[in-house]
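Before I ask anything, here is the structure I am working with.
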Amino acid sequence: MRLINKTPARAGAVFLAALPFIVIAIAYAIGSDIRLSANPQDKLLPAPSTIWDTAVRLFTEPDKRTRDILLWKDTWASLIRLGVGVAVSAVISLTLGMVIGLLPYARAGLSGFVAVLSMVPPLALLPILFIVFGLGELSKIVLIVIGITPFMTRDLAQRVLDIPREQIVKAQTLGASSGVIALRVALPQILPRLISNIRLSLGSAWLFLIAAEAVASNVGLGYRIFLVRRYLAMDVILTYVMWITLLAFVIDWALRRLSRRAFPWMEAGL
Amino acid sequence: MAQEKTDFKLAWSIYVGWMPWGYLEDSGIMDKWADKYGITVDIVQINDYVESINQYTAGEFDGVSATNMDTLSIPSGGGVDTTALIIGDYSNGNDAVILKGEGTLADLAGKPVNLVELSVSHYLLARGLDTVGLSEADLDGVINTSDADMIAAYATDDVEAVVTWNPLVSEIMGSNPDATNVFDSSQIPGEILDLMVVNTETLAANPDFGKAVVGAWYEVMSLMAAGDPEALTAMATASGTDLAGYQAQLGATEMFFDPAAAVAQATSPDLPATMVSVAEFLFDKGILGEGAPSADYVGVAYPDGSTTGDAGNVKFRYDATYMQMAADGAL
Amino acid sequence: MSFVQVRDLWQAYGDRSILERVNVDVAEGEFISIVGASGCGKSTFLRMLLAEERPTRGSIRIDGGEPALEPNRERGVVFQKYSVFPHLTVRDNLIAGQSFGTRWGALFGGAKAAARANADDMLAKIGLNHVADQYPASLSGGMQQRLAIAQALIAKPRVLLLDEPFGALDPGTRVQMHEFLQALRDETGMTVFMVTHDLEEGFKLGDRVLVFDKPRWDPHDPGAYGATITYDFDARDGGIPFQHLNPPTTKDITDAL
Amino acid sequence: MRLINKTPARAGAVFLAALPFIVIAIAYAIGSDIRLSANPQDKLLPAPSTIWDTAVRLFTEPDKRTRDILLWKDTWASLIRLGVGVAVSAVISLTLGMVIGLLPYARAGLSGFVAVLSMVPPLALLPILFIVFGLGELSKIVLIVIGITPFMTRDLAQRVLDIPREQIVKAQTLGASSGVIALRVALPQILPRLISNIRLSLGSAWLFLIAAEAVASNVGLGYRIFLVRRYLAMDVILTYVMWITLLAFVIDWALRRLSRRAFPWMEAGL
Amino acid sequence: MSFVQVRDLWQAYGDRSILERVNVDVAEGEFISIVGASGCGKSTFLRMLLAEERPTRGSIRIDGGEPALEPNRERGVVFQKYSVFPHLTVRDNLIAGQSFGTRWGALFGGAKAAARANADDMLAKIGLNHVADQYPASLSGGMQQRLAIAQALIAKPRVLLLDEPFGALDPGTRVQMHEFLQALRDETGMTVFMVTHDLEEGFKLGDRVLVFDKPRWDPHDPGAYGATITYDFDARDGGIPFQHLNPPTTKDITDAL
């Protein structure tokens, strides 16, 4: 039988899905053990038990000085920045995308500009951003916005253009003005795409957040990673990396669910 | 001309000699002194040292903790007239050239060196190479390496030598038995000065600002001189180490606990020579900017009124007045 | 005077002529089928009737009015695909047919209730009341086209334009749709233009069948000349004309005198 | 007439397309002028003429010491890293994507793993990369690879799954083995998608490249930007940012052209 | 013994029965049309003939062989859509029909030239030689399906399976395709199974017409029972059986004796 026709049974599939994670865990444990037996003070690959202890400590023990649990404070700060940045980008790109997609005049004026903007490397602009927008929350949010908005705008504009011409014409024959077409034909059909766009852009958003927090901040997940990087506290870094991965996963999952719930008409055909 | 105002902002970043700034803010000592003069002073910690100076240069802050070299290159070179309000310390072993394995400074020839380019580390390396008759061209290049990754960098095989500062120096020396300190700042005492610099115009318009900051600083200095465990522990934690580790770093720092000692440093006859050598280094690296036709393009003024460099373009001033007030107990 | 008046209509894209010298008069309430080879310009003609495009030359007037600049409520349309809004339920699609002309594209209060009742009446008539709350994607192709036609009609257009409305349906469904369309039309007396690929369908449904073709042809430059109406059949009464020319009754004669 | 039906004439469209760039240039010139008249030595917003002079100098004048023109050296170094990183990612993601998309066993084992991997923030892993792969070219390339491969793999696997089942069945009825199906049915249809995937990922690739060069390097576009940040040489930074934008634009355009040329069957329907 | 033998075939997805107790015997060279309501399981039956799916119970044997585990060269197939490879030119699609069975899916040297000649012959036969170097996307729907059928045939399958092959074509093209298919089949004498929605088409092309329907029906649980073959019409000679039962000639009788 051809390989492409061979399907694992349910139990096999679960095992297979777990396999790569198990392999990595074992490889890590062995690597860590080798290094630690050579140099017990090695910080690069802390023993899994050390990571676990560190994780427990980070999640539960409050900081002596401030009485806050730093990890939660960092998480909170970062998520707020991420949320605001992504929300602002969503609003801007939705508006611009609709305008560019619907109005030929706006398209002529803005689509080239947005295309060029989307090629500007935002990290290279970081120094400028900090100087223009200061070191507060604003510049971090602006970095996220600058980083992900042009791409989202381009994609949404394209999606608006992809709405079958027939629908736009039909709406006009029903007497719809440009505003009504934007609001009642284009907007609802573009919203699910906005969500999948946000899902796509979240990876970059995290990246920009971490980069911005690394440079200027006193709280946040990226800040903490950057801070302890100086001392090579890999147990803390790994805990934070796994925590960020988990957060990213949960956010992605939540958005996917939201999309399913909010736009039943997309699934109706299935 | 800067106006009189009552709200001021200082920026600082993590470094042994600057840890008191964080303590000043957290302990309320700064507020106490600010209240005394009827002003407020906000002290903000910034993760990235260069960014903090850039922010000061762009006008976001009224003052920033910086070295003499970076003050000359960034704000003064950028046309922002800047005054060294406090000379906190000089590096006395805090910055070091570290070689992997046995050897001496001369063994750097033909090897790559990892450091934060254009920083005091770079300057230290240049000064060190001078002493053994080498120049940067004799090396296999310098590789710009972020200070945050210096420890990780040292752990890799490609790296043969690094130049960096504390707490990274003690971290590297401590966890790598094969690391050799081949040259450090104790061999060029008084050349790497850690300052609190403020905008000259702001200071001139608001002398109370200077007084409050200097008064608060020396209150903490006296605590440190007395070995106050609470203050030292707080600083140690904030810098990510413990009390013993922090004290070890302090050992390599010539802190001017006594304002009189700082005044002495500011008025030291060696200072102009140091600044000239720093300016030459900066010019050599092209850091003084396009407008700089020569190394003495930016003028530096000293407490006695003398200047080095272009006397018509003085942008960097050493001012011992406020430290002198502290020494006299006049604050 | 005729209801729809097409005068000396030309259309060219770049230097490719698509249509030339199209002239036709259509009375109110007539059902016009349009047939012709693929790519000859039938849809182009319909787009101009719709005012989605403007002709290079000539004009189209409805009821003697000015030529329209863009699609409006006078002209209803149903395309082969994408004629309904996928994000609205079946009922909301019909409500949209009534509400899109307002300021915000939505109705409130009494007007909303009235539109809803109206939509439900229409749904009952077209036999879609059992799927009122479903989304179009879950409907069969035939049901979607029924909905599309109902949606166009509920906005009360003066002419209805159909571009191969049944082209994507299978033969059985097609026959049902013919009956549906004929019944609707008998009821409303709407003026209809329908483009179709299927000659039989054209003759079955239309009062007149217009055939588009190129009367001139340059073998060296196929794009040089455009198509026009080459035949205009009377398709009433099975295509046999003069059936109504019954001998006058005595009453007719006395009335006339 | 409705706004959505109003179309600018050709000349108007050209003017509109240029408008945003002109507005930005003027706004910059004014801002720069205001700051420079306050402090002639201000480095934050150098005069457009200064930027022009700097750009000319950077592009033409060799470095005193090394006799190289630094900008070209930086460009060359960065492009090589980018090119190798993207090429490696392309090969890996193409292989993995095909395997995951075609073989149910591989799908069961790897798709979850790749999904999790794509959520890991690569920047946070930078210290680990440096230690494992050294400070040389390798770690920079690995950062790019780690950064963009999971996303590309997921997308390509999805595209393989999107190949109509009918085609796979048809190939089997023509006697094709799994290998032939992969090579002759899936691969050619996935290649255009690979290119558009590369185009999508290039933005992130630049980002990772700049981040890696900022941390440890002695040549490269990102290195230079972060180095001159030390003395706020905004004229240099702006020149480099514009240069990177131009490079990104040209690469994107070249890939789009390549795709059109290489896959005529994608356009044949139009 | 019959050529295709379907014995007590059941198919269920989860606890939904789709097909049950399907038995049928087909002689070599017969053309079987399959009709039935939408969703009754016609395509499912075809997928099992194709060995794309395996039945929950029962078996399908071709020429007495073992039931197949997966699609293979014995069974050619044409679907309604996506039956040709969009990235290969028309000619290469036909070459693929000959080369995909090799180790690398490609032919070299003499074999390649032979396959090419073969493909060109076939192209001439199906009237696509003028578009040999074009890609399928630029072909009309009817041309694509002609190519798909030719591609399936060029691999010389023992049975040909068609799932609504003309479902997406317009009526005119459909009639042409019927002629094309009949001509091809007369030539090859292939055993064919064709699913269609169009009864007329089924009777026109098929030797036999199998009707799938649910013989049992539980109103409380519509998924409880599956469909099976409820009628098996002989469609030869316009559906009028026994036409060939001509009275025996004297020769027949003497031969028999």
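A, B, C, D and E are the chain letters, set down in written order, and residue numbers restart from 1 in every chain.
By definition in this document, a residue touches a chain if its C-beta (ideal position, glycine included) is under 8 Å from a C-beta of that chain, and two chains touch if they have at least 3 such contacts.
It should be emphasised that the depicted structure is a prediction, and the values quoted were computed from it without experimental measurement.
*Asks:* Could you name all chains that are in contact with subunit D and with subunit E at the same time?
*Replies:* A, C
*Asks:* Tell me, which chains sit next to both subunit A and subunit C?
*Replies:* Under the touch definition, subunit A and subunit C have D, E as mutual neighbours.
*Asks:* Identify the chain pair with more contacting C-beta pairs: A-E or A-B.
*Replies:* When the contacts at A-E and A-B are counted, A-B has more.
*Asks:* Centre to centre, by mean C-alpha position, how many angstrom separate subunit B and subunit D?
*Replies:* 39
*Asks:* Let me have the rounded angstrom distance from the C-alpha centre of subunit C over to the C-alpha centre of subunit D, please.
*Replies:* 50
*Asks:* From the mean C-alpha coordinate of subunit B to that of subunit E, what's the distance rounded to whole Å?
*Replies:* 85
*Asks:* Among the residues of subunit D, which are close enough to touch at least two other chains?
*Replies:* As it turns out, subunit D has residues touching two or more other chains at 2, 44, 126-127, 131, 172, 177, 214, 226, 229, 232.
*Asks:* Could you list the positions in subunit C whose residues touch two or more of the other chains?
*Replies:* 70
*Asks:* Touching two or more other chains, which residues of subunit B qualify?
*Replies:* Only 54, 58, 148-149, 152, 155 qualify.
*Asks:* Can you work out from the touch definition every pair of chains that touches here?
*Replies:* Here the touching pairs of chains are A-B, A-C, A-D, A-E, B-D, C-D, C-E, D-E.
*Asks:* Where on subunit C does subunit D make contact in their complex?
*Replies:* 69-70
*Asks:* Considering only the defined contacts, which subunit D positions touch subunit C in the complex?
*Replies:* Subunit D residues touching subunit C: 1-2, 5.
*Asks:* Write out the stretch or stretches of subunit C touching subunit A in their complex.
*Replies:* For subunit C paired with subunit A, touching residues are 50, 52, 70-73, 75-77, 79, 81-89, 96-97, 100-106, 134-138, 151-152, 155, 157.
*Asks:* Mind listing the subunit A positions that touch subunit B in their complex?
*Replies:* Residues 41, 43-44, 64-65, 127, 130-131, 134-135, 214-218, 223, 226-232 of subunit A touch subunit B in their complex.
*Asks:* Where on subunit E does subunit C make contact in their complex?
*Replies:* Listed in rising order, the residues of subunit E that touch subunit C are 167, 170-172, 197-198, 200.
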